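Got some structures for you, see below.
Paired with chain B in one complex and with chain C in the other, chain A is shared by the two complexes that follow.
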Partner chain A sequence: MSIKGGSETGNLSSTLMEELENKTVFTIPVFGGIPVAESVVVTWVIMAVLVVLSLILVRNLSVENPSRKQLLLETGISFLQNFFQDILGEEGKRYIPYLMTTVIYIGIANIAGVFGFTPPTKDLNVTIGLAVMSIVLIEYAGFHKRGAKGFLKSFMEPVPIMLPINILEIAIRPTSLCMRLFGNVLGSFVVMKLLEFICPAVLPIPFSLYFDVFDGFIQAYVFVFLTSLFIKEAIE
Partner chain B sequence: MTSLIAIGAAIAALTGIGAGIGIGIATSKAVEAIARQPEAEGKISKALLLGCALAEATAIYGFVIGLLIIIVLG
Partner chain C sequence: MIQININLVFTIINLIVLYLLMKKFLFGPVIRVMEQRKSMIDQQFAGAKENEQKALELKDQYEEALKSAKEESFRIMDQAKGEAKAQAERIMQDAGAQADEILAKAREDIRLEQEAAMKEMEGKVARLALDAAAKILGEKSGSEQDLSLYDQFIEKAGDPYDRNVH
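So, the complex of A and B:
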């Protein structure tokens, strides 16, 4: 990468390029070495935090006199539950736990930048993985509902001429899902790095609130919202 | 060559225009709708958020392509 300009710009672009790379933290020394990326390690940290939190939060639950902690937890869970229930309806109830897990994971992954971690969703491989999981679930939902014949028939709907478009959709949906998440997170990451480069002190804080927290949650919301809409469409 | 790459990336960034106009129109209509029917605010803002996310996607694609141009060609 060579950019002509002042030493300042050269410095900036090289710093930025360094930040954009997906670093390998360590290599597992089997089968000729399996590289473990930073996003995987941050995902492990998020998993550990979520597991510990879910162990702590469900202790001492009671029906008679619920504590404040339990009330908060119930409010949050029933909010998510109702949100997905509204979209999916009674038949799609079985997909709600997966969607809730995904929204909690993506939400925390997107705001990981606030705590000094690199957001795992900045790595295209992570978002591709999430999108592939989504499309597999969507197609499975259609298959489960309609059976093999009905599933194949659903590609011919509403008219048989739509067949190529319906098949293309299998590829387009996950691409658009993963690119949207990746692009948003990477975009806010780049903007935050530029701001930190210009003024490392106070200036990034309000922008961090918008780009990291607000945009991160919106994108998590949009990802599961679209996934559940597609599932709803598949099981209709 | 470097300046051509920069121009190419800048053209890819023009996708932002469409997203900006789209989100602007969607928001103005949503505000109008809420002014007419304040009780339907929840439903309207849900639809608005989805529409904004879909409109924004084009701008994001432009950004990703601009970045790819810089990284792959640069």
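So, the complex of A and C:
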């Protein structure tokens, strides 16, 4: 791989394409075989890690004299809580746990590459899933707040002529959410793979810090920030 | 590279399950503890405030009591002073009255004494006169006669000449 020629370039692109493919880890042998993608399996791993970590961290919680571990945990959670509370206000309090779950999940999923896993968010299915959940939550929040009539009426606001655009928004919002996340993660994945191809030693470290860690958290932040903004708009 | 398949459904299921798990195992307990602490602190603050309020009330009460005690003591002192003054006046008056009475009594006594002395003297003078008359008239002539004699003498001579007899 040290000498690059024409055949090597072809080799690179084919390797890259292979890397970009969503691998199927196993197939459930019913209904002619249901493929279970790597992203889903990695998500399971992330879920298991999160649950185990939660169980460890939540042990021995004390109201009166919290340990350092508990203080750290509380600081983190109240930071997230305050962040969402500031956007959503008192009425949106019930959506905060889901948003916190999402930001933790996307954040960990995006930096999964650091730990040697394929980031699940590189799979379009995952980002679409997240976006679908978001739009369902947004519309549910509006429906819950305004009732059926008010919810339908909200599509005619501020003027009835906005009706088609408001309906389009139902599709546009999740699409932009999922494509932004997917594109960022895929892009950084490609760049990282190329860098690893050129120089697998020290070079990828700073880039990994940017593309995997920084960009990963930024994308997680943007995703939940926009979702909570849309929810706020729906319940206003 | 871009393929949408059944994994989309798996992802959504995963998300919902993860949400429920996180809510149960992470956010639920932590938020519960934080809220418990918050309510505890609020309670303590309320208790402290209540105690302060009570202390202030007590202070007011004490001050009020002190003030009324002072007033009371002033009042009692004034009253005592007034009473003492009245009593002193009364005693003075009494003393004056008593002195007057004693004086009057003394005067009366003196007068009575004088009268008594006068009467006694009258009696003595009468006997002296009688004796003198008897001596003059000679020896014995019965005491009844003597008395009438004296009376006659008095009538004839009169009181103003009483002195001359002696």
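The working rule: the second predicted complex is superposed on the first by the 231 of 236 C-alpha atoms of A that agree within 3 Å, B and C clash if a C-alpha of one lies under 4 Å from a C-alpha of the other, contacts with A are read in each partner's own complex, and residues count from 1 in each chain.
Going forward, a contact is a pair of C-beta atoms (placed from the backbone, for glycine too) under 8 Å apart; a residue touches a chain by one contact, two chains touch by 3 or more.
From a predicted model like this one, the values you see are computed outputs, not experimental measurements.
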Could you classify chain B and chain C on chain A, in the superposed arrangement, as clash or fit? fit
After lining up the shared chain so the two structures overlap, which partner does A:P35 touch, if you call chain B first and chain C second: first, second, both or neither? second
Using the superposed model, determine the angle chain B, chain A, chain C defined by their C-alpha centres, to the nearest 10 degrees. 110
For A:Q81, select first, second, both or neither according to whether it touches chain B, chain C, the two together, or no partner. second
Examine A:Y98 and indicate which partner it touches, taking first as chain B and second as chain C; both and neither are also allowed. second
Partner with the higher number of touched chain A residues, chain C or chain B: C
Given the touch rule stated above, what does A:M179 touch, chain B (first), chain C (second), both, or neither? first
Based on the superposed arrangement, let me know which partner A:I235 touches: chain B (first), chain C (second), both, or neither? neither
Chain B versus chain C as contact partner of A:L57, first or second or both or neither: second
What does the superposition give for the shortest Cα distance from chain B to chain C, in Å? 8
Overlap of chain B and chain C contacts on chain A, residues 17, 20
Touching residues (chain side chain C, partner chain A) in the complex: 1-12, 14-19, 21-23, 25-27, 29-31, 33-34, 36-37, 40
Any idea which chain A residues touch chain C in the complex? 17, 20-22, 34-37, 39-40, 43-44, 47, 50-51, 54-55, 57-58, 61-64, 66, 70, 73-74, 77-78, 81, 97-98, 100-102, 104-105, 120, 123-126, 128-130, 132-133
Contacting residues of chain B [partner chain A, same complex]: 2, 49-50, 53, 56-57, 60-61, 63-64, 67, 71, 74
Over in the complex, which chain A residues touch chain B? Could you list them? 1-4, 17, 20, 176, 179-180, 182-184, 186-187, 218-219, 221-222, 225-226
